[in-house]
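Next, two complexes with chain A in common: one pairs it with chain B, the other with chain C.
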Partner chain A sequence: MNEITPTPAERAEKLKGLGSSRKRVEDVRFTQGKGNYVDDIKLPGMLFGDFVRSPYAHARVVSIDAEAAKQVPGVVAVLTAADLAPLGLHWMPTLAGDKQMVLADGKVLFQGQEVAFVVATDRYAAADAVELVEVDYEELPVVTDPFKALEPDAPVLREDIADQKEGAHGARRHHNHIFTWEQGDREATEKVLAEADVVAEEMIYYHRTHPCPLETCGCVASMDKVNGKLTVWGTFQAPHAVRTVASLISGIAEHNIRIISPDIGGGFGNKVGVYPGYICSIVASIVTGKPVKWVEDRMENLMATAFARDYWMQGKIAATKDGRITGLWCHVTADHGGFDACADPTKFPAGFFNICTGSYDIPVAWLAVDGVYTNKAPGGVAYRCSFRVTEAAYLIERMIEVLAIKLGIDAAELRRKNFIRKDQFPYRSALGWEYDSGDYHTAWDKALAAVGYEDLRAEQADRVESFRRGETRKLMGVGLTFFTEIVGAGPVKNCDILGLGMFDSCEIRIHPTGSAIARLGTISQGQGHATTFAQILASEIGIPADNITIEEGDTDTAPYGLGTYGSRSTPVAGAATAMAGRKIRAKAQMIAAYLLEVHDDDVEWDVDRFVVKGAPERFKAMAEIAFAAYNQAIPGIEPGLEAVSYYDPPNMTYPFGAYVCVVDVDVDTGQVDIRRFYALDDCGTRINPMIIEGQVHGGLTEALAIAMGQEIAYDELGNVKTGTLMDFFVPTAWETPHYETDWTTTPSPHHPIGAKGVGESPNVGGVPCFSNAVNDAFRAFGHVHAHMPHDHWRVWKIAHDLGLHG
Partner chain B sequence: MIPGAFEYHRPETLGEATGLLSQLGDSARVLAGGHSLIPMMKLRMAAPEHLIDLAAIADLRGIAVGDDIRIGAMVTQAELIAHDGLAAACPLLREAALQIADPQVRYVGTVGGNVANGDPGNDMPGLMQCLGARYSLAGPGGTREVAARDFYISAYETARADDEILTGILVPHPAPGTGYAYEKQKRKIGDYATAAAAVTIGRNGASVAMTNLADRPIWSEAAGKALAAGDAAGAVAAALAEIDPGDDNRGPAEFKRHVAGVMLRRAIDRARARMG
Partner chain C sequence: MAKMHVKMTVNGTQVEALAEPRTLLIHFLREELGITGPHIGCETSHCGACTVDVDGRSVKSCTMFVGQANGASVTTVEGLVNPDGSLGVLQEMFREHHGLQCGFCTPGMITRAHRLLQENPNPSEEEVRFGMSGNLCRCTGYQNIVKAIMAAAAVLRGEKEAAE
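After this line comes the complex of A and B, so read on.
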């Protein structure tokens, strides 16, 4: 026996398992500039691809003349749709069941669309040649407004499917209509609306924006003609799905394709989809026999790769006079751009937008979403949120404010009155979800107490008075939000992407000396998986997190998984990790019992060891057990210590949070100063509080960007007006306010460790909170709702329209 | 975001530089900090075949505070900010320079490039007009001086001939006790002005200039006169009568006009408060 016996708590601390604010192991390389991103990959003889893109939003491509381009020294090939057509690769399937042109096939549908792919020995030659490809366009009428796109005489955008009455998600009722997705009970909801004491109604636009990750999208494709193997390094949030899709569309057997996601510089949904650049690089590599790199620049990223949001949401909310919500009605016109390339689970063409009843016990609801084609870039990805969940939270959290104004009830009180109560969980919502767990009242009370809510309201009322007396030109706004996320897609029974069930996986190997490697089907893009998944495992198998390597992103070594987006890694792959860990522990128990010469049931788990029940001095620590697994012939037990788990989650998880934002608005300039931002998050079991805080800070900052200025704007001709970082708002430290973070812990009852996911909550809750604060500042003057983004001139316009400029 | 091909020249004397410029003609552009020119080249909105880098010409560097203040064209915005003698002699220069872009841009961007560029978004031109500065130009035919107030014709069009190089900026000392302010509204760090106003008020009169509210900086003589006479409202009205903002992503002209008034009013208030 040891002389100094560490207590179980001391031993647990050494593991740096669940609850430890362990430093991010990734940061050692990132902070030294030693990360390995796609553009760092350099292969011998590598060629570079670059796109000729359409300057027009809608035009016929009459002819393409690449002769001059081919004369540029260093140019190897110029690919057009005509070159891809014989391979059947001039179009590709989208994740949403539509198809998309890889290179313009007769026409273009948005500005920046890929028209030709130039391949050259260096980037400079490729860029020069791009300038020399002569494309003869014949301009066509442009539609950038989804409502106009549905008018009877609107121009036909998708001539390829103009006569098709059925789409991937049911009937199409117009040549520019994609689908209608309906949920809930329309008749019952409209009856409630008709009979309600009060109905608040508002059109709420969640503008088009873009995830704009620090690293843009790109890949290196390398076809080895000798062994027939295609390797693609790329910015992929779902490497296995890319492998399967690549195999299906190229005809190359799946075992001959290897997809590698190296370090990824942020994804936020932008890197879920499959882009023409990937296909063209692969084809170019097959044609030339050389590796081909393609990395888009910032303007291409903003203009052509997947956007987010662009939802016109008409909401109606019914309530009794005293503020009990009785029904919610919502119709969304969803602008999908020229192709439907949303990245949602197949059966959910509007994602999980039907979480739009939010945190409230709303007895009936109805929702319909109409997807529409316009002359804008395709996309519609979940930008730091689960599928369309930020849109849903924005709708309900704005509607609550609108209703509070109409009822003359304090918005905090209105929320409290309608929250789903703790004893109602698991709670079945009117639009079909089963919320796993929650304690909304406790979180709300904690948040309001933390910010001194009553005092804020008193100060705000004083401010309005001084404003009216002419003593100040600044108004004060208090933004409230209580959001419920739905993450962790998802149960295979209803969640799949292109037929691939949305389970995830973990494979663990324990090495003889008691360290380990775990491989997962997910891929970190900044979330810190190498840090946190090791922590989950440390707590499950008693090996210090520091001794566990986490590896992701290589389809030749990682078990099959659906990747990282929609806050699904911890709920799904994290669960798989815990489950695989438990398999390890089960075998370790048998080994320990054998070594201790007792029956399997006579040992019990104690942090990092199995101890004989009732005799804690007799134990086998995990390191000893690991060694025994490799050097002892144990009757009835195979050598080695490995496990794999494929986890099909029984349900989604439902993180929630209570946010409060206080702003001071300069009525004369439209400038908004964020005085205070308080964020309480409940993500169930907290794996690494430091990483949670970092994720919350990052998510709130992206929410700030979206709410306060970030947008992809088009003019009537379909020109992108915000194609550079001068006009596309990405906050720096200067614009970013101080955040106060807080938490409650309500574990998920169905997740092995009770964790729910957190990376996206702050975006889901943050956007409505900032927006509510700005709108609230003008409430005293009769203002109800203004669309985001709340940049200076739009805020100024609220004041102007209210006559506050005298 | 890759510029077209170009030849790079790095002359060591002003004579060599002007020689190259007249020899190469239209196909050449001088390069200072490159923080306006290179973005334009990457967008292929500018495609000079020759770049004449002024970085090695010692004569274009340095700040001298004498009878006048002389700022060499190749002085970076950061050097201007860091120069104590200059901050004491003409604090408005420093206050305005600190509102340009961000530290990264200011370390490389030059004062000469900023005033020579001719982009109405640049902050220095309006500032120099407000201060009554003069620009020294050197060309094949010798040197000359042009007042900042006469220099700007329209966007990217200035009084500088294509074969001339701007060598320095001469700023008169403001009279003792002159109040000053530069007020700029921008959407974020690193942004050009939605509207900006430069104001000085002193014993010798007042001066008012506005940035990014027309196709060139606007120095308003009438506004200066009104302000010198103590009529702040009249000064604002006079300046607003001379600007001609356009719609862009920062907002419609109506909004900019309003903000221009607010910026100018605030600049006047601060300048007055600082009068000695």
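After this line comes the complex of A and C, so read on.
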């Protein structure tokens, strides 16, 4: 041989596999405007749909007159509930086991609810016609407060189920009550509370907000009457689930439905739901025989598609005098709006909120969540979150701070004292989860050392003194958070959506010349799947990531999967990818052994090839093996090199992290300046550090938004007060701080490559961290807790109520 | 509705069409001309996804009638690729520094950054953040966008090579 054989490390580097900050393959298209998002799709003869929406939050629909609208040139049809009723499509099932009106059936339950659907030859004509549809409403009393909704004489919102005593999740005790979900041991917890040295108690509101991806929701539905096939392109985070649901409610056989998620302009949970716009577009296409496009505008997006959070959390935490937590008690009043359209696994009507014991070894806990109907938009999706984990993390991370104040113990020390120790993993929590792995003390110490925690506290104390002396009007806050997430839903044994088990899938085909295509049941919305899944595979099968195409989102070609949300792509589909890769490798091993004329067991894997044990100069590289798979008749082995894996994870994964935020708060203006934000994430094995860092920056910025001002607010009449980007806070580059990122690596013991998922961690940990920082700034003056969002006015109000304005 | 005759240069090519006077420039570009790089994120001039360059100024094309751009020279992100079809410096730096995720804001971001660097070829990080504050991104947290623009500025000033 005259060429120098590359070392295994050199060969591994060429693969751009696990751990490589490989540049994204998606970006060449996106940076030159060649993405293909749903609104970019243009089909011959395509029509446009647009909604007439209710201006009232609660009203009876007395009549709808669409005659004038139909006269507008270009208008093809105006659909109302009366048109959908004969098809049984005026209502649709929700992901939470409830049902929701597609178009107002006799009444409306929230402002912005869909009342009629106008279809026209262009979007301007459709908008003109929407203005001309005359709807006669009779206003009804409005309830936007979930506590008032449960009062005995509260107006009946859902007349369709007013008398039903049983809901999808057990008994209903009031006409506006949806469910009660209880976990843990109430009696034992209340006993601990009664006997505890110290109990800290607080009502903590996690306000209603909205995922607000930059691209709104939409679809193009096209019914081909010749071959009977319905194709729908849309902003779907779970295309296969949409196909199954579409088949069940339309009666069209599943093989005659093709759902395609094209490029998606961000999702963050907003694109998990099934919306009336999708149903109306499909019906309109069936009725007119033409493709129909519907894309909501931003105001419709904020008013009517899925909101997030809106949890009133009453927390009680018990501890010994020296700071050992002995119990946690929590009751949540959950505002679900007019229909229960939460997106949670069926058996978890409050998602994984029972992760609320957080990172701490809490011996006993109890939790109950009451879901309530109000005159607000439906939703309750996991906004960059795994099914209510953000709410849970916010609760426990605020309660720890409240407890620290009550005990007079430093909040960092209180956390350290109560962390689940490394030797306790796998750890079973009081509320039933089995945490897979963690090393919290190491991460915490690293974070505190990185920010110089002791010095920060000293500086803060000095600042308080200067403030008292009148030398400054700015206070300093130090926000701490240590969070544990639960992601990767999930084991089919306890996680399903509408009866569909939450496994995921990957199918791989190796081409004869040694490149490959892999298709998955997930769909990227910016996470860079085309880049990272190829990296997982590169490390498994020894084919360079650059030679592997990743395809997702087309139900006609991709294997069945439950989609991308709840940080489940890496834990579930990533595992399926690795497992399918291993199947490829197992077959490749037999082929290599045949070609090398040795027994199967006499060859071993070495980065990108099989080598004869003890004779590394005798090897077959993957490319050669692939070619042989297609051109040699190998006894006992089928031709071809393909594999598919449907992966049902044995457990969730539990990423964690330690965050520290330092703020300066202007007491007189309420302005909060983020001086420093340090984020340490442990997401197990790191696939692409560049992408992880990008996910952390993005998640923290969404956390900043939520903590500091982003809110879907209603007035007493149920009017949405934050329906445009003028009022709904989305931080710009100017308000967004610079972030410092860091990591530790504690692999998941049950995931094939040890990865845990990271997309949502920064939002889960970021919100309490920002909020703790703001609250902490006022701690020296007796302040304990103020609700988010911490906008200028609310921060000013804290100072004012403490008498700091003189 | 009566249509008006409009004429403009888009990415160096002369275009002529009939359009309703109330047609927004963004709809004209996307639907009439099939230039789908500029996106629609709000239609209320807040998000900047629709940003294009009109006669040397950054414009939110959802807030301009097609008639207002009559006779103008319009550049979209598609017009910022090199003549040989390779990525322009800003496009390349966005890729290099992971300045995008879902890509929906990216065409507006890059088009705005292009104009910003014409106005100020040597901006500080603060000036970049301020100059880009009309463009929202929901995915990246801006840190890598800022990094990409600073890097592009350095390349355009000849202080750095564009290659990896």
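Worth a mention:
We take it that the second predicted complex is superposed on the first by the 804 of 806 C-alpha atoms of A that agree within 3 Å, B and C clash if a C-alpha of one lies under 4 Å from a C-alpha of the other, contacts with A are read in each partner's own complex, and residues count from 1 in each chain.
Operating definition for what follows: a residue touches a chain if its C-beta (ideal position, glycine included) is under 8 Å from a C-beta of that chain, and two chains touch if they have at least 3 such contacts.
If you're wondering where the values come from, they're calculated on a predicted model, not measured in any experiment.
In the superposed model, A:Ala253 lies in contact with neither chain B nor chain C.
Of the two partner chains, chain B and chain C are each touched by A:Arg298. In the superposition on chain A, A:Arg123 makes contact with both chain B and chain C.
Contacts of A:Gln671 after superposition on the shared chain: chain B is touched, whereas chain C is not. Legend: residue contacts after superposition of the two complexes on their common chain; A:Gly709 is shown touching chain B, with no touch to chain C. Touch criterion met: A:Trp734 reaches chain B and chain C at once. After overlaying the two complexes on the shared chain, residue contacts for A:Glu131 are found with chain B alone; chain C is out of touch. For chain A, the partner with contacts to more residues, out of chain B and chain C, is C.
By the touch criterion defined above, A:Ala461 reaches neither chain B nor chain C. Using the contact criterion defined above for the overlaid structures, shared-chain residue A:Met203 touches neither chain B nor chain C, since it reaches no partner. The contact surfaces that chain B and chain C form on chain A in the two complexes overlap at residues 123-124, 297-299, 726, 732, 734.
Put simply, chain C touches chain A in their complex at residues 20, 22-23, 27, 30-31, 34-44, 46-47, 49, 76-78, 80-81, 87, 91-92, 94-96, 98, 100-107, 110, 128-130, 132-146, 164. If you check the complex, the residues on chain A that touch chain C are 23-24, 26-35, 37, 39-40, 42, 123-124, 212-216, 263-266, 268, 295, 297-299, 525-528, 690-691, 693-702, 724-726, 730, 732-734, 736, 738-739.
If you check the complex, the residues on chain B that touch chain A are 1-2, 4-5, 44, 102, 185, 187-192, 194, 249-252, 255, 258-259, 262. In the complex of the two chains, the chain A residues touching chain B come out as 123-124, 127-128, 131, 297-299, 668-671, 709, 713, 721-722, 726-727, 729, 731-732, 734-735, 791-794, 796-797, 800, 805.
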